[in-house]
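Chains here go by letter, A, B, C and D, matching the order in which they are written, and residues are numbered from 1 within each.
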Amino acid sequence: MAYALQQLINGLTLGAMYGLIAIGYTMVYGIIGMINFAHGDIFMVSAFIAVTCFTLLAAADVSSIPLALMFVLVVSMFFTSAYGWAVERVAYRPLRGSTRLAPLISAIGMSIFLQNTVQLTQGARVKPIPPVIEGGIELWQTPDFTVQIGWSQLLIIVTTVVLMVAFTWMITHTAFGRQQRSCEQDRTMAALLGVNVDRTISLTFMLGAALAAVAGVMVTVYYGVVDFFIGFLAGIKAFTAAVLGGIGSLPGAMLGGLLIGLIESFWAAYLWAEYKDVATFGILCLVLMLRPSGLLGRPEVEKV
Amino acid sequence: MNKTLLAAALAAVGLAAQPALAELPVAIAGPMSGQYASAGDQIRKGAEMAIADINARGGVLGEKLVLEVGDDACDPKQAVSVANTMVNKEIVFMHGHWCSSSTIPASDVYYEADIPMATVSTNPQVTERGLENIFRIMGRDDQQGMVAGTYLADHFKGKKIAVVDDKSAYGKGLADEIAKAMTARGIEPALRESITAGEKDYSGLVTKLKRDGVEVMAYGGYHTEVALILRQAQQAGLDLTVMGGDTMTNSELVTAAGPAADKVLFTFSPDPRKNASAAPVVEKFRAAKIEPEGYVLYAYAAMQLFEQAATAAGSTDYDALQKAMREGSFDTVIGNLSFDAKGDQKAPGFVVYQWQGGQYDYAR
Amino acid sequence: MSAVVFAHHAMTPAERLRDAGWIAFVALVLGIPLIGLTTVDAGGRLEVATRFGLLAVFVAVAFAGRLVLRYGLDHARARRLRRVQAGTEADDGRALAQRVVTVLGWFALGAAVALPLVFSGNRYVVDTATTVLIYVMLGWGLNVVVGLAGLLDLGYVAFYAVGAYSYALLSTQYGWGFWQALPVSGALAASFGILLGYPILRLRGDYLAIVTLGFGEIIRIILVNWTEFSNGPNGISSIPRPSFFGLEFSRRPAAGEQSFAAFFGLDYSPMQRLIFLYYVILVLALATHVFVSRLRRLPVGRAWEALREDEIACRAMGMNTTNIKLSAFAIGAMLGGFAGVFFAARQGFISPESFVFTESAIVLAIVVLGGMGSQMGVVLAATLLVLIPEFGRNFAEYRMLLFGAAMVLIMVWKPGGLLSHREPTLRLGAAAKATEGGR
Amino acid sequence: MTTLLSVRNLTMRFGGLTAIDDLSLEVPAGRITGIIGPNGAGKTTLFNCLTGFYKPTRGSLRLAHPQRGEMHLERLASHKVVRDAQIVRTFQNIRLFPKMTVLENLIIAQHNRLQRASKFSLAGLLGLPVYRAAEAAAIERAATWLTRLGLDSLADHAAGDLPYGIQRRIEIARALCVEPVLLCLDEPAAGLNPRESAELNELLLHLCRERGIAILLIEHDMSVVMNVSDHIGVINYGRKIAEGTPEQVQNDPQVIKAYLGEDDEDGEAAP
């Protein structure tokens, strides 16, 4: 029981991170209907920025953890959204209005490009930082097992929840949210009604990148190690999460992320760890067979 | 690292330029890019230094050596492509590849093209296929696993030992051998697991280890994952000792795992840096700000092997060279090298090491 | 999309400078974290190192590059505008381009046949050409699924793996020969295609993409973990090479067998096998080409294209879309399987590492870059995508960077692919003539 | 006058919305039946039920096929409605295969016949005479209709590049290539200019009178409906509110109320 609880905590932490990255996929899909394959690598870039920041802070002897975290988050979000903006501008905007697959291939190219840029400029070696947040709370002590939730795990889950709420509020209550939703539904009509579509799409990419940056900082804090390859696996998992939850739906992305985190940790905990990815994809297929638009996706009515 | 992009590009173009006549092209191949690029980097540094030294001594048989570098990124398909490139460049000797899964398909190409090769790949299959051009200057996984498993059985009696691998050819081979050696000594692994290399989250595994009261984990795989597992174990309040293979020589482990790296034991050939004969070379590397860790000295030794075998044979023709390598005995920075019929090093001997404050040394 | 025509006035120098300045600023922002700053290992911990000199160079290059690019683009646009105004030679141009492509196709075929004879001593060239042909074949196979039927498949590598492993296992375990195993492996791959296709018939577009991606991963993970079956991560080695009508290509043939070299009284050379393998894949690829081109002109091929264009209209025309989708999956998978068999035979060693997602992505890139559905486009794109990294070997670590950049640039330059013209499967005039001649 | 299709108590619900409510209707063989009604009345939904795109919630759709006898359409998958029952439809928002040529569009309409002749593509791959003859016949049939509809000069153009009015005609030609017993046209006159409308009228009458094809016609353009229909059904809110000859329907108070009455949801219906 205690063991299951611990695995639940592990799964939630992992799932929260997938969810944060998945939101980026889902938003971009919602607005321009493309899979932004480079999103995982944007996340990777943000993790590198975070490592540089933490190292700078360590050199500057900043000892206040909340202050350091805030600083790293802000800096990382700023630069990462610049990357999000640039990627859209260079690789996707010229392709708007062409076939559905063109931006996908461009995105795959962008992903390879970003990975190798980071490898060249930052080196192929893994980048570690000393533990930022140590310790945690002991939740439950049984004779042979202690359930523990680390401060960093707690931080990740809380941040995710807060961001999720803030984000949903922004989409439903602000002018940008309205423009974003209007572009999702009908870009031409939105443009006719005076919505600056280009700007809205750019902003969407920047927001997605900023969320990925939050995930990047969290990964850096939690695992303490990043390398130029982390974007790939995280990207695939997050994309799976977005689809599982119903691509285009924000709560769906979060739900998908959490589910995949939980499936992974419980499958690995009780069944065969080596087949956990098979389980993830298997469950995805099953869900899609029963609900072709994902768990919370708007069911696509066949318009004849 | 501080080279400017432009300068690096020019240097790369320069490296690839065709050698002039009266130069002997020799090659190294390995993962110069990709996940394991740091190993490739070590090989390149070792080989460059060796070639500089050999050429300073007047080259081999009066000809200067030039180095060709092949990048296979540990991808078998690219490895074959690299091998073909090297054949075209008419290299007379190859040191590589690094990943066993690259070495195996590439070696067929070298075999057909009559090119002798010295490799550090540890998978038994490398020398088990009857190719007479392969020489392994490193031990084999089965020997390595044997040493590690026996050490675990002897030193951690009564403690729970888990055996984990990363599903790579290398990692799984090693972990299987460790488990076998332990069982032979009457100790059953408390847990046998596989993880996926390249992920970041191993908290599930750590929790599992914690539940089963595991104190020691034998691990077949690369150092990156070990660093992550150690960090996450510490976070979860699990005091874990790790036993790994030769890949743990990488100092990245220490950077990434922090103080927890002191809990890592691993098997590796006797440290060449400790050889009295290697002292001047080690000094030289350190003077050039290169720590001759991991595969650096092996690459150096591979070039020495070629130099001495070619000198002994008086020629760089395949048959003569191959015969000289097979029959001779060579003094290199990694000690005395001689090979058995399969091409395995005769006295590899693995030793158990332990990291200690950023350095590794023989374990007590 | 609405056609909005913007009037482009010529930019003043000041505007050009401002534009380039903005790009330089963006370059600065992007460059600071990755180029300007880096972390280096300083004995067990990281330290930040600065490279502001390099950053300045980067920004300057961006500034100058933008000026030049903008200038070039404006000129190109002006030229195009003049051409459009001058008259509608576009149609003629297209027909001409089509003829050029056809001529180039025959030329490429001739070059492909002659290549090993010209480069008979050059192992690298023959081997790289073989790789190109493998990708051409994979591209043609995937072209059926993605290019013609419009079903986005991100897990094509699974069928490649099925083909490769079935040949590897049949040959090493049961001693089957290459030519015996080829049809069986193809059939097996086709069954996997149907197996994958069936449950996901209802899915569309990007949902299909992720499920196929998952399927590819599942196959790979099973190959890695099911050691008893596939020998796990160690892979399968010593896979026999195809023989020339029973003649082996080896220096020392097995007892009772004759080698190719001995039979023809030649000196043994490893090149003989390489060249033979090259011709094998050339024949396989050409057969694939003929097969797919003919299918395209048959009801089933036209049905695939119709499915890509409008699935609902297909149903309204009484087509069984289930069968059409499954046939596309099956045929695409079968061709992938054939390519896999050849791959295993050529490499002599396969392991799950050869069948990762990146491989699927590259084959998909070949199809899309080439121009969806265009057979010649696949050849062109496969050649480019194999050769760019190979030429890139001279640039060592910049190799993959160039590869990624090239993918983006080609796509932005030609969103419809390199050869996006679609040749109709039949013409009224031509058909009428043909039928009259037939009667 | 024999009944070709009889719709009995058809009901179609989407969640809480009832698009068609207990509708009964008879379509006679060899005649033109018009269906009119304000926007959102359920006309297209009726087509979708009829051609198998939707499964009706309740009710029966019975076809008295001249060769194959009675068929229950509600039990057939959409492709079988076309293949076996030979009911073909066009779409309100034209659905051609835009990148394919006009001729190819018409050949695809004959897919099932050709596919059978190609013997699982084998005969086709080998170029056997069986298949070659079938293909020639298919092209012949396509060419005949193209000529009849004045499209022969456009046969090798990509369908999607042609003007709207021509695309409408192509869609009808494509449907005719299936050799329907019942042709369901969903607003074929929408977007046509008066001259094109007149041509359409003439074509519909030709199909019905000369070729004996029954036509079910949804149309807002009263000049078309009133001129060609033998019989008209009026639907509002998913219910049939009137039925009869054009004159009867025009003078029906219910119909006038539906079009001009309290609900002003419809503007374009008035001729």
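Before moving on, here are some points about what is shown:
Heads up, the rule we're going with is that a contact is a pair of C-beta atoms (placed from the backbone, for glycine too) under 8 Å apart; a residue touches a chain by one contact, two chains touch by 3 or more.
As the structure is a prediction and not an experimental result, all values here were calculated from the model.
Of all the chains, the one whose CA centre sits at the greatest distance from that of chain D is B. Nearest to the overall CA centre, using the mean of each chain's CA atoms, is chain C.
For the pairs B-C and A-C, the count of C-beta pairs in contact is higher at A-C.
Averaged C-alpha coordinates put the centre of chain A at 48 Å from the centre of chain D.
Taking each chain's centre as the mean of its C-alpha atoms, chain A lies 36 Å from chain B. Here the CA centre of chain A is 30 Å from the CA centre of chain C.
For chain A, the set of residues that touch two or more other chains comprises 116, 119-120, 123, 125, 128, 130, 274, 277, 302, 304. In chain B, the residues that touch at least two other chains are 1, 5, 33, 167, 194, 252, 255. For chain C, the set of residues that touch two or more other chains comprises 38, 40-41, 45-46, 224-225, 312, 397-398, 400. Interface residues of chain D, counted against chain C in their complex, comprise 51-53, 78-83, 88-89, 91, 95-101, 103-104, 107-109, 111-112, 114-115, 118, 121, 124-125, 132, 136, 139-140, 143, 146, 152, 155-156, 158, 174, 178.
The part of chain C that touches chain B in the complex is made up of residues 38, 40-41, 43-46, 49, 51, 53-54, 57, 122-125, 127-128, 131, 224-225, 227, 232-235, 237-238, 270, 347-351, 353-354, 390, 393-400.
Chain contact summary for the complex, chain A toward chain B: residues 3, 6-7, 10-11, 13-14, 116, 119-120, 123-126, 128, 130-131, 134, 136, 144-146, 148, 150, 152, 219, 223-225, 227, 229-230, 232-234, 264-265, 268-269, 273-274, 276-277. Only residues 291, 294-295, 298-300, 302-303, 305-306, 309-310, 312-321, 422, 424-429, 431-432, 435, 438 of chain C touch chain D when the two sit together in their complex.
On the chain C side of its complex with chain A, the touching residues are 1-2, 26, 29-30, 32-35, 37-41, 45-48, 146, 152, 199-200, 202-207, 209-211, 213-215, 217-218, 221-222, 224-225, 312, 357, 361, 364-365, 368-369, 372, 397-398, 400-401, 403-408, 411-412, 415-417.
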